[in-house]
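The two complexes that follow have chain A in common; it is paired with chain B in the first and with chain C in the second.
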Partner chain A sequence: MSQPKLNRRDFLKVAAVGAAVVAGAQAIRRAEASTPAPSGGRQWAMVIDQALCNGCGYCILACRAHNDISPELTWNPVLEAGQVGGKEVYLPRPCMQCSHAPCVDVCPVKASEYRPDGIVMMDYDRCIGCRYCEVACPYGARAFNWKGFDGPNPAVPEWGQPEVERRPRGVVEKCAFCYQRIDRGLSLGLTPGVDPDATPACVVVCPVNARFFGDLNDPNSIVSRLLAARPSFTLRADLGTGPRVYYLPATEGNA
Partner chain B sequence: MKPKLKFSPWLFWLIGLSLVIALGVGAGVIVFWKGLSVTNLSDLVPWGLWITIDLSSIAVSAGAFSLCAAVYLLGLKRYQPVARTATFIGLIGYTMALLTLLLDIGRPDRFWHAVVYWNKHSLLWEVTMCVTLYLTVLLLESLPIFARFDWLKRRWPKLAERMSHVHHYAPYLAVVGLGLSMLHQSSLGAVYGVLKARPFWYRPDVSVLFIISAVAGGMSLTVFFSMLSARLTRRANVDDSLLERVSFFIGWTLVLYLYFRFWDALSMTYTYQPGRTEGLQLLTQGPLSFNFWVGEMFLGIVIPMVLLLYRPTRTSSLWRMVALLLVVGGVVAYRWDTNLSGLMIVLSYLPGEPIVAYTHYFPSLIEILSGAGVVAYGLLAFSLGVRYLKVVDHEAAEVSVEGEHLAEAAAASIT
Partner chain C sequence: MAKLERLIIAVVCALVAAGVTLVAAEAQTPEPPAPTSSMTADKCTVCHKDIYDTWQNGAHGQSLTDPIFISSWEAQGSPGACLVCHATGYDPATGATQANGVVCTACHSPASANHPKDNMPIDATPVLCGRCHSDPRFATENWKLSAHYQRNMTCSVCHEPHSASMKSVAEEGSVNADASDLCANCHKEAMQNFPTSKHAEVGVTCVNCHLGFNVGSTDLMDFVSTHKAPDHSFVPTLDTCNKCHSAQMHAPGAAVAAAAIAVEESGGTPTPSPTPVATPIPLVSSQPVPVSPFGFAGLAGLLGLVGGMVLSPWLEKLYRNLNDKEGRK
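Moving on to the complex of A and B:
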């Protein structure tokens, strides 16, 4: 009657193998964990003046060129937002780079992560294309790459040169405040929001200067000064997502 | 001399299923080749028919954990043969879910990422891990079933004996299975329930509704297929008193489910939160109202509840089978409606304008064909199981356990 004892031992063996598999998976995960980008305590934010935006859509095209986006996708659309004082009002909508981003919480593989400077980054090599983040985002800021994109980008070279790798078919894409321009600019000693080469492409291209970019932790940055001087709002503030894109509303007076 | 091949109904059934599977495989190849642009999914409705098949096949696999828990943890030993059928159905159901998931994700080559790159905050991660682990449990639980394959017994008798030996771990496996199933069956509801961006989903009780409906649907499918097999082939035989008792329990599960559905709907009625009221209207008056009232409520809960609790209809095998099939249909309808009702409402984020817009979705032919292929695979696997593994066998199960003991005793006496 030594049968049951042997069974238990076998069971423990199976459990040990299971634990080893889990530990192995953890080890791979740690080994491949990306190192956080240096930030120096900066918190990037964008301010968009609705009184100035005329809905030209140049930002959409510059965004497509610099981030090499398929012409069928838009990371950064410009929406019609009604009228104020008889004038059309527009609402450009980049990714809000939320401080409590639903997309980061729901991603099953940690393909969406916060950078220390607040940018919500996508790891396109890790995304499995489940689209849960798309369902979870209150701002519709995520675009799934349904078809893939081969051949020349029609927005290039007129609207800029690609600065990041083109995403493969089957992943979810999003705006990341042109992190590549910020990082490269900082390494050259430039100031994002001041020097065009260190500033998101949509801010640089805007012909009416309706977009502003800068560090919220720097009281002298253009975004800090604008937010201190003028009333502003964020989208769906009731959700508690903490967007880092602020809007200066169009009013009867300034429209 | 004519060849022995006879065009029996069995052969027609196999040919029919194989055709559907072949079409499904063709459609699946197109999906992998062309990408998800061949579907009618969009950025507004990123989840559709496939996710419904996914959720439904996991839901109707819930008979496995509930019946195994009843047999090995509550000590209701006489239901062991029913639990055996449920375990086999569970194994099929979870592989169906995995197949559908492979279709649904944009990068099927990266399906393993969730196991390696953990995001402990994500319910979808939790679901993936639980499903993977539970599939392992189901495989182990099914080993004694596969050990009954005659060919295997003849070819590798020692292996078959070892496989049937796993039966001794059944109580341990039942504990692990219960834990994993309770986690992910509820979390599948919570996948929707935690999304604040979708007011119609954002509520705590979706997880409760998902697991209760899964238990009802899972047991129903097990009993239904057991009865159907016993009617169609002599290779299946059932102890009707067992199935009748399980059906009675399903009837009471439906009472509980209806009770929770009632308070769920009532609590949503008076919130007037933009998006939530519209979601409820979508179900009660809008494009999903037929599904909701007829599919989910009337045919899915009320009618089978009465049929299964009223003794004369429950003991009539025809009425009982009708009722069980209706329960399964109701669970599938609930999954479809839950997914679509939250996605079809597009809530504006423009300032001061909580405008609600509606979108719509109907699966493309490719989605339907590949989905049908997955379902046909499930039916084929179960049919083969009935025929060659005797998964619906309420008489021989006891004998086989006895026989195993005899064999062990014989082996012990030899050594």
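Moving on to the complex of A and C:
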């Protein structure tokens, strides 16, 4: 019984090869993960005019109804953002649909992915509820479904009809620009941002028309024209996440 | 041979089973709703039961069955003109209606034959509501004066069209029990001061002053008043203040204090009936007291004084000229 002897040199060789393989795999994985969202075709974006928003919260209610969200969760809160010129200013905060989304990078099971039109989509069947994405998101745009949501939705039917399946317990939920409305509208030949049936519910319901939606690659879309005409900002631009939600700031003059 | 027989039997069994399955499957294939224009509320109920439930008890669902409507309609000899709005698809030529009450297709029309793949149409602007809610009695003219209308807000911002009632945004622990919750939802700055005001203390809410009934009477059996609507300009008038404060209008301090005490004694609610003011108000008549001759004389004197001062250089010259002429003679 002669056992093959593993001398020191052989061991080091094997160890070096193994380390190289692991490092290589890691590098490939990282390169894959940090791939930004594709930028061709239609690129949906939202523009929110802070000078118009009065914090009524209709968007929250319409969002809950159309996406069948539990009343305990909010995908799309309206935050108070201090005062400008003695007037309260609000910051509606949907998911930013980042071009370099930290949530997509950290997801260990690829439940968060970019759609070709830039929407950061959740695959709720893949999500294992590890909540890494919730921690990674610098905007707090993700909500964890601690409890299953049973029973009637109090926002239905007054604020709209559910259009997507209710999520099960134990997944992280988020706004996806009402992708179901966009996709259905496009299949019917409608224009998202123009036809209400193809536009995110929060944009449609806004009583003061403070939200705008459209294609960034279309120079004639309302969002392209607004961004060209007025100064705008994105949230935490320093992080390099490339948000697709733009804000038109409230100033002393227009608040 | 036995093998061939077995095969034939098997094939026959298979064909029978397949045929039965086919027939059963055909029978169970659901028939799509008939794509006609006669979409009625019953058909919509198949999928939209929650909307139907809120609709049927609201003013739109009850538009033809409401006892107040029926009694005043019959009292007027059941005119067909009422059915233009109180029913759906009224044809004045035949007197026939498509459906009783304001049903789905009254607003969602023309019905899409390919629904639900195609959307049911809806014109979510005041134009659609204005097809019936257009009469001055529905305060449309006032509504067009309001800042809401001028900022392109639609009726459905405040009103839920299916239940034909106010929208509900009230959170738990809300202080207002009426539509004022809806006002407070947007007019947050006004609501920062209002709760500490005397008005809020005595239980006055936004709608008490900003939605006064300015058309129609309070008698619900009166035909005209059944169409009454609050003033949708949302601007309070002097009459609004007078509802509670008529006793305090231009009254001396004692009367204001008395009215305030009366409010407190009545359990914190403002007294709607005005208490007569004791102090006599100076009479103002269309025929004023004539001015005395001394007044006119005084006024004329003043005018003469001014005229003399202004014209004094020329007057002096004229006086000298006259004097010189007389001297030369």
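Note that in this section the second predicted complex is superposed on the first by the 216 of 255 C-alpha atoms of A that agree within 3 Å, B and C clash if a C-alpha of one lies under 4 Å from a C-alpha of the other, contacts with A are read in each partner's own complex, and residues count from 1 in each chain.
What we mean here is this: contacts are C-beta pairs under 8 Å (C-beta built on N, C-alpha and C of every residue); 3 or more make two chains touch, one makes a residue touch a chain.
Here the structure is a predicted model, which is why all the values come from computation and not from measurement.
In the three-chain model built by superposing on chain A, chain B and chain C fit together without any clash. When the two structures are aligned on the shared chain, A:N54 is found in touch with chain C, with no touch to chain B. The partner of chain A that touches more of its residues, comparing chain B with chain C, is B. Of the two partner chains, chain B is the only one touched by A:G140; chain C is not.
In the overlay built on the shared chain, the residue A:V156 is in contact with chain C alone; chain B does not reach it.
In the superposition on chain A, A:V194 makes contact with neither chain B nor chain C. Look at A:E88: by the touch rule set out above, it reaches chain C but stays clear of chain B. After superposing the two complexes on their shared chain, the closest approach between C-alpha atoms of chain B and chain C is 21 Å. Of the residues of chain A, not a single one touches chain B in one of the two structures and chain C in the other. The touching residues of chain B, when paired with chain A in their complex, are 35-37, 41, 43-44, 46-47, 104-107, 110-111, 113-119, 121-125, 127-128, 168-169, 172, 191, 194-198, 343, 347, 349-351, 353, 408. On the side of chain C, the complex with chain A involves touching residues 48, 50-51, 54, 117-119, 124, 151-154, 157, 160, 162-163, 167-169, 185-186, 188-189.
Against chain C, the residues of chain A that register as touching in their complex are 54-58, 61, 87-88, 152, 156-158, 161, 188, 196-197, 207-209.
Taken in their complex, chain A has these residues touching chain B: 3-4, 7, 10-11, 25-26, 28-29, 32, 79, 81-82, 91, 93, 102, 104-111, 126-132, 134-140, 142-148, 168-172, 233, 235-236, 239-240, 247, 249.
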